[in-house]
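Labels for the chains are A, B, C, D and E, by order of writing; each one numbers its residues from 1.
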Amino acid sequence: MFYRESGDFKTNYADDQQSFPIKLDRYAVWVLLAFAFFVVPFFINDYWEKSVLVPFLVWSMAALGLNILTGYCGQVSLGTGGFMAVGAYSCYKLMIAFPGLNIFFVVILAGIITAIVGIAFGLPSLRIKGFYLAVATLASQFFLIWMFNKIPWFYNYSSSGMITAPERTMFGIAISGPSAPSWATYLFCLTLVTIFAFIARNLTRGRIGRAWKSIHDMDIAAEIIGIPPLQAKLSAFAVSSFYIGMSGAMLFGVYLGSAEPGEAFGIDKSFLVLFMVIIGGLGSILGSFLGAAFLILVPVLMKNIMVGAFGWPADLAAHLELLFIGALIMFFLVVEPHGLAQLWRMTKEKLRLWPFPH
Amino acid sequence: MSTENNILSIKNIEVIYDHVILVLKGVSLDVPKGGIVALLGANGAGKTTTIKSISNILKTERGEVTKGSITFEGEQIQDLSPTELVKKGVVQVMEGRHCFEHLTVEENLLTGAYIRKDGRKAIAEDLEKVYTYFPRLKERRKSQAGYTSGGEQQMVAVGRALMAKPKLILLDEPSMGLAPQLVEEIFEIVKSLNEKEGVTFLLAEQNVSVALRYATYGYILENGRVVMDGEAKALSENEDVKEFYLGLSDGDKKSFRDVKHYRRRKRWLA
Amino acid sequence: MDQDNRIGDTLLEVKNISLSFGGVKALTDISFDIKEGEIRAIIGPNGAGKSSMLNVINGFYHPQEGEVWFRGKKRESMKPYQVARQGVARTFQNIALFKGMSTLDNLMTGCITHMKTNIFLQAIWKGPAEREELEFRERVEHIIDFLGIQAIRKTPVGRLPYGMQKRVELGRALAAQPKLLLLDEPMAGMNLEEKEDMSRFILDVNDEFGTTITLIEHDIGVVMDLSDRIVVLDYGCKLADGTPDVVRNDQAVIDAYLGVSHDD
Amino acid sequence: ADLTFPMLSYRTGPYGPNGAEFADGYADYFTLLNERDGGIGGAKILTPECETAYNTAKGVECYESTKEGALIYQPLSTGITYQLIPKVTADDIPMHTMGYGRTSAANGKVFSHVFNYPANYWDGASVIIKHISDEEKGDLKGKKISLVYHNSAYGKEPIRTLEELAKKHGYKLTLIPVDHPGQEQKSQWLQLRRDRPDYIIMYGWGVMNQVAIKEATNIRFDMSKFIGIWWSGSENDVLPAGDKANGYKAVTFHGVGDDYPIFEELKKYVKDTGKAAGDGSNLGTALYNRGMYAAMLAAEAAANAQKIHNTKDLTGAQMRDGMESLKIDQDRMKALGLEGFGPEISVTCANHGGPGLGAIQQWDAKAKKWSLITDFVESDRSVIDPLIAEDSAAYAKENSMKERDCK
Amino acid sequence: MSPLFLNALEVILNGLMAGIMYSLVALGFVLIFKASGIFNYAQGVMALFAALTLVGFQTGQVPFAHLINAMFGTEIHHWGSGMNTFLAIILTMIVMIIFAWLLEKIVLKHMVNQAPIILFMTTIGLAYFMEGFGDLMWGADIKTMDVGLPSGGSLWLEDFTKGWAAEGTEYYGMYIDVLDVWAAGIAILLVIALTLFSQYTKTGRALRAVADDHQAALTVGISLRTIWIIVWSLAGFVALVAGIMWGSKSGVQFSLSLIALKALPVLILGGFTSIPGAIIGGLIIGVGEKLFEFSIGGMIGGATENWFAYVLALAFLMFRPQGLFGEKIIERV
């Protein structure tokens, strides 16, 4: 009995409703956060920043956003790349237009702009459902990318159409631009992601979260018990786009530093985020992180092992990597269709019973 | 009961869902060839689970039989696929209707005959037979099953099973959602198939009075264990059964208005 | 029982409702009323149009002809959620719970029409959102106690046995504190003991909260015992309407539905 | 210690087939140096490879994971180049974007660590126009020229230049974008068929090239009037169209075929010893040659750096100095076994773009061979230099930089 | 007739042809969706894989040559000679069937009764896997597909239509690619055959039953295993046809798998469950996007086809949420 909740009684409803009802979980989360905030920044280097931690955080943010829409509200969207582009371009235009603006607000504003765009593109969801909606959201993906590619205003009339993030600061420390220190970009992303993970948790456990989940499980029944579907779906689109917009802004501003719409925010990114959400676990905050970790870190790890440790030719390794990732995805789904988060829950449940089965 | 006679016999099975939820805790039961056996019990007792473990569709719900054995006609069947079972003559009517929504009523019935090889004509005849059992279905034969009423769907589910011409039919709550007339009718069908064509039935049923009227033998499940079994007659005479399943206390039926707020609940397992 | 005290004015009235789907006439020219505080049953053979009638009442089906009057006002064409906000709640024949959610969450969702805090307060959680949540949690816990489903509070409802799901569904409808509660075969798939429990709940709801109840049920015993008045439908037409005693002895009803007279 | 030349290659994804050939050439040349000469100036060469799949994020990851001791980067994608420009500058490692990347990086005063000699996209466009002008005996007035381009940062690069040149020469330019991946180009080619342009210029990549060339043959466009940039001029692009692709042209900044002495050496030391990066069958293809050429330029720069700093071991900064004073004349090319393979090159502090020369190659479908049909000619500096100055100034301003002094 | 009108006509004609090419890919999607409710993301990769395999057989490539060479230091690439096209097609088909069989055995078997989105995700895993596998098996270089189909503009049509334009205007005759005409013919044959199969056979009915309810299908004795092997093999066959057509057009390489993206709008427009819908959807999308690009695209900068196809499909969906011919989405309580 490694893992126990006995002795952990709740005496009121407030306790019963907290985010991590089990003490051990609660401590684990605090320790992890403390580690991430107070230890990692001292040891981080460029490689860890640019290849591992910041991408992980940025994509976690996107996965959180899509999980709200797809995992909680059940609306499968393949427009994530397009919405990230909206976030990125808003971020760029804001950076250029208000050079003095604290980058934190730039990112938040980019999120808000994306949320507005998200609502507009969410409108068809009232009538179109399931995979029909999923495919239909590709319209926004392709249209948005086309638009950012075509209209020079968005990329400030630069000759190639690339956008490059200028240096912007927070508390006088550069967060974007070439001279931003690793620890600063990392902490910036970590703070944002932490705050918004908690907000996501709050939203999904309360009234709105239940409205979303009920739409997901059975939209007609939800409507009949008094949930206006349009409002529920559009709020999910808005919140989700807000997160995705922020992640797009972070991707462009903090992580990559420059972007071109078709490449950085192409359709494959939409799929990537959807994979994260499904592999991690639909309707699970933890799952968003696990999924992002899986799809961002495992390839890096695999590459390091195959090319770095075994010295295999890079192309063979690349092909094998695809093959393994594919096989792993299928394997996990066979083992636990509800994603890594569920796998984790089941493991806990087993540990709770261990060593006495049933 | 002697074992040779048993078309189906279950020995001490244990069923676990999701690797952790233990639901059946050693259920044993025998279904004699040509018998009608009723499986009774409260909600969540494990009736559906028992039936699903026979027809082997537990796996699709992440459940598995971890102990015990199930034999059909003397052969172990736990490892057979559901299809092979149907071919051997075991057909299940699932609880909660489960029609093919997008197929028409008639197509639904015809898929019931999917494994049959005895020609179109025989199938067409049986289709007619089902229609005579359920005239309502004939009226609605061209509508998509998803748009028929709850009771109609139930008829489709039962009719579909009949189309397979099985030896053993597992009926999970056949009377659910049917009008009283039809309930009697369904059981009449059961009886006539049983008598005329020798089909064996295992039925999970909440309508205990009707079930015991038609069944030959009965089992009562409670919390994943068999707590009582016996000839149907004997069961319906049993005082506890009378009180708690038939609602006859001292031989009288009481009004639903008069049930007390806090009642003594009978549980065989303390 | 003091019938007269309990039962008040007409709460809802349907007038000349006709509804058809393509060629299928589900309802033809149906009119009846439901009085405040009464238990009104709708019975009839399979496919008679009972569930369709409930769907009309809660705005899910829009009849081709006819009117629905609610609380003395003619109801314009409405979305189901608007009807729900007026205080109509229901359960479904084919259970329509939110399968991925726990029992508790399902019931809390039932309260949703009464919850008010906006999305920003929700995001912050501490403060109004949490207070509201706890307030309704308490209300829901009452229902949980009332229905005796404490043990499955945190279980995802998809895993519950059929009968339990029916009970949770009733709980979800109750959580909305409806004026009018529509129950579609609440006792299907229950054994006697459970039916008794369910009857108890229905009567208690009716008694304690004064909720008007409309109920579809095939168990004639239950219907006869519980209801104040009964509408009988057959092939979309109204066959009879009246007190249990009247209906029980109506020959047309016996022929079309009951089979044998059920006055045992 | 060893000299590290990290390879950011891409052998998978939509552009993998092209990336593989380049990477093979790049790796094989260094292998040759190792095998034949024992490296550069006695120091062994390492070429750690990292797969980018033409993806910017992976490119950044590759950069970060290989930058320890790296001497030079060839990111092989415009997207990755843009990412890396500020980073290499900060990390003091030079980057060579040969025939791609940010064109205005030719201005060494602004882009201290980025080099794009010997020619860039704008040079390419200008050389193509020059060739067309030669074909038309110097008169382009009223001619119709269409640009079919990959609808991305890369494809859009030549537009400004071509527009400027149109003003100067009086031809009429039509722009025809093709979206990634470019499998379906019916509309574009129907339009071209209706417009009947006198010439078509293509800035394409990947499957877009193959489809375009095939569609051009389908509408029976005169292939000798269809001219691609160097990234639209590999065997991969013309082979699927078969015989009909005969006569297709592309601009290039290096030689074609395997008719140079160096290939004997490559066969002897690399291919026949089984040390080739690929299966050894692609020696002499356009992209292989480009990879090899890039490696040669890097090696020469490294040798130059060793000379300047008088050391065997190099740092990125020293390598950069080597590149900034790189001079390769024809004698040197001959010594390398590459006589006539490319123009003479000289790089200075202010000019990181090199001579900007290009030649036209033409496809012979019978022989399945490219051949050079012109000499290396200069691009129109009077048009391009101002453009470079303007764009780099904009970059400097955006990033609040000052031009450095080039004595 | 004015050249403008003739040009529009030509655009429409070519749109129809392009649309049919999309339909070829969409068909594979429809088959699998119809038979199991699985949205098969891997359809494009399957087409690529089939095409790679076909070319591999044709040219006598040694499978996994690169891997073997890397592991054992050998130098193998090709068998002595390639094989006849017909034989290669048959062998490829056998490979696709084996693949379907393995897929069922290893993966799908465990996915019975799962939510559609999970099944969808599984096929994404499959897509990754097949892409890596295909590259590993046959190499990632660009290959030329030649199964003897003619291609190029039709001279006959050009001559035939040359005189249609009004006197004194410049007109070059109408253009159509012969390969497209072939594709259209083959696609129509396929659609007829598949429609007959799914509508009028017992297996066809079983397919639809499986898509509705896996469990219930099991209880009536439909073997999901058999059904899935059949449909995935059929989808493999359709993928092969699509692979041949698109491969002949644009070479065989990774990008071939991206044609799936062109098939998706076709799919939703026609309806996920309708085989004829795939063709009609293709025609509408093909004509729509080409006409839009022809008439308006030029004014707003071009390259509109990608998004316009989706917007067009979206517009149709607003009126018919299940696509033009899809089965009505049953919404009842």
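By definition in this document, a residue touches a chain if its C-beta (ideal position, glycine included) is under 8 Å from a C-beta of that chain, and two chains touch if they have at least 3 such contacts.
Source: prediction; values computed, not measured.
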Chains contacting each of subunit A and subunit B, listed by label: C, E
Greatest separation from subunit A - chain, by CA centre: B
Pair joined by the larger number of C-beta contacts - A-D, B-E: A-D
Distance-maximising chain from subunit C - centres being C-alpha averages: D
Inter-chain centre distance, subunit B versus subunit E - centres from mean C-alpha coordinates, in Å: 45
Whole-Å gap separating subunit A and subunit E, where each centre is the average of the chain's CA atoms: 32
Distance from the mean Cα position of subunit E to that of subunit D, given in whole angstrom: 35
Gap in Å, rounded to a whole number, between the CA centres of subunit C and subunit B: 28
Residues of subunit D touching at least two other chains: 11-12, 16, 20, 151, 179
Overlap residues in subunit B, where contacts from two or more other chains coincide: 147
Junction residues of subunit C - those touching two or more other chains: 60, 92-94, 96
Pairwise chain contacts, counting only pairs that touch as defined: A-B, A-C, A-D, A-E, B-C, B-E, C-E, D-E
Complex contacts: residues of subunit A adjacent to subunit D: 46-47, 49-51, 55, 146, 149, 158-162, 164, 166-167, 177-179, 255-260, 262-264, 266, 300, 303-304, 307, 313-315, 317-319, 322
Of subunit D, residues touching subunit A in the complex: 7, 9, 11-12, 16, 20, 23, 49-51, 53, 55-57, 60-61, 63-65, 67, 78-79, 82-83, 85-87, 89-90, 102-104, 151-154, 156-157, 159-160, 179-180, 277, 387, 391, 394-395, 398-400
Subunit B-touching residues of subunit A, taken from the complex the two chains share: 346, 349-350, 353, 358
Residues of subunit D defined as touching subunit E within the complex: 11-14, 16-17, 20, 151, 175-179, 181-184, 186-187, 190-191, 193-194, 196, 206-207, 210-211, 214, 217-220, 236, 239-240, 242, 244, 274, 279, 281
Subunit A residues touching subunit E - in the complex, by the definition given at the top: 70, 76, 124, 127-132, 134-136, 138-139, 142-143, 145-146, 149-150, 220-221, 224, 267, 271, 275, 278-279, 282, 312-313, 315-316, 319-330, 333-334, 337-338
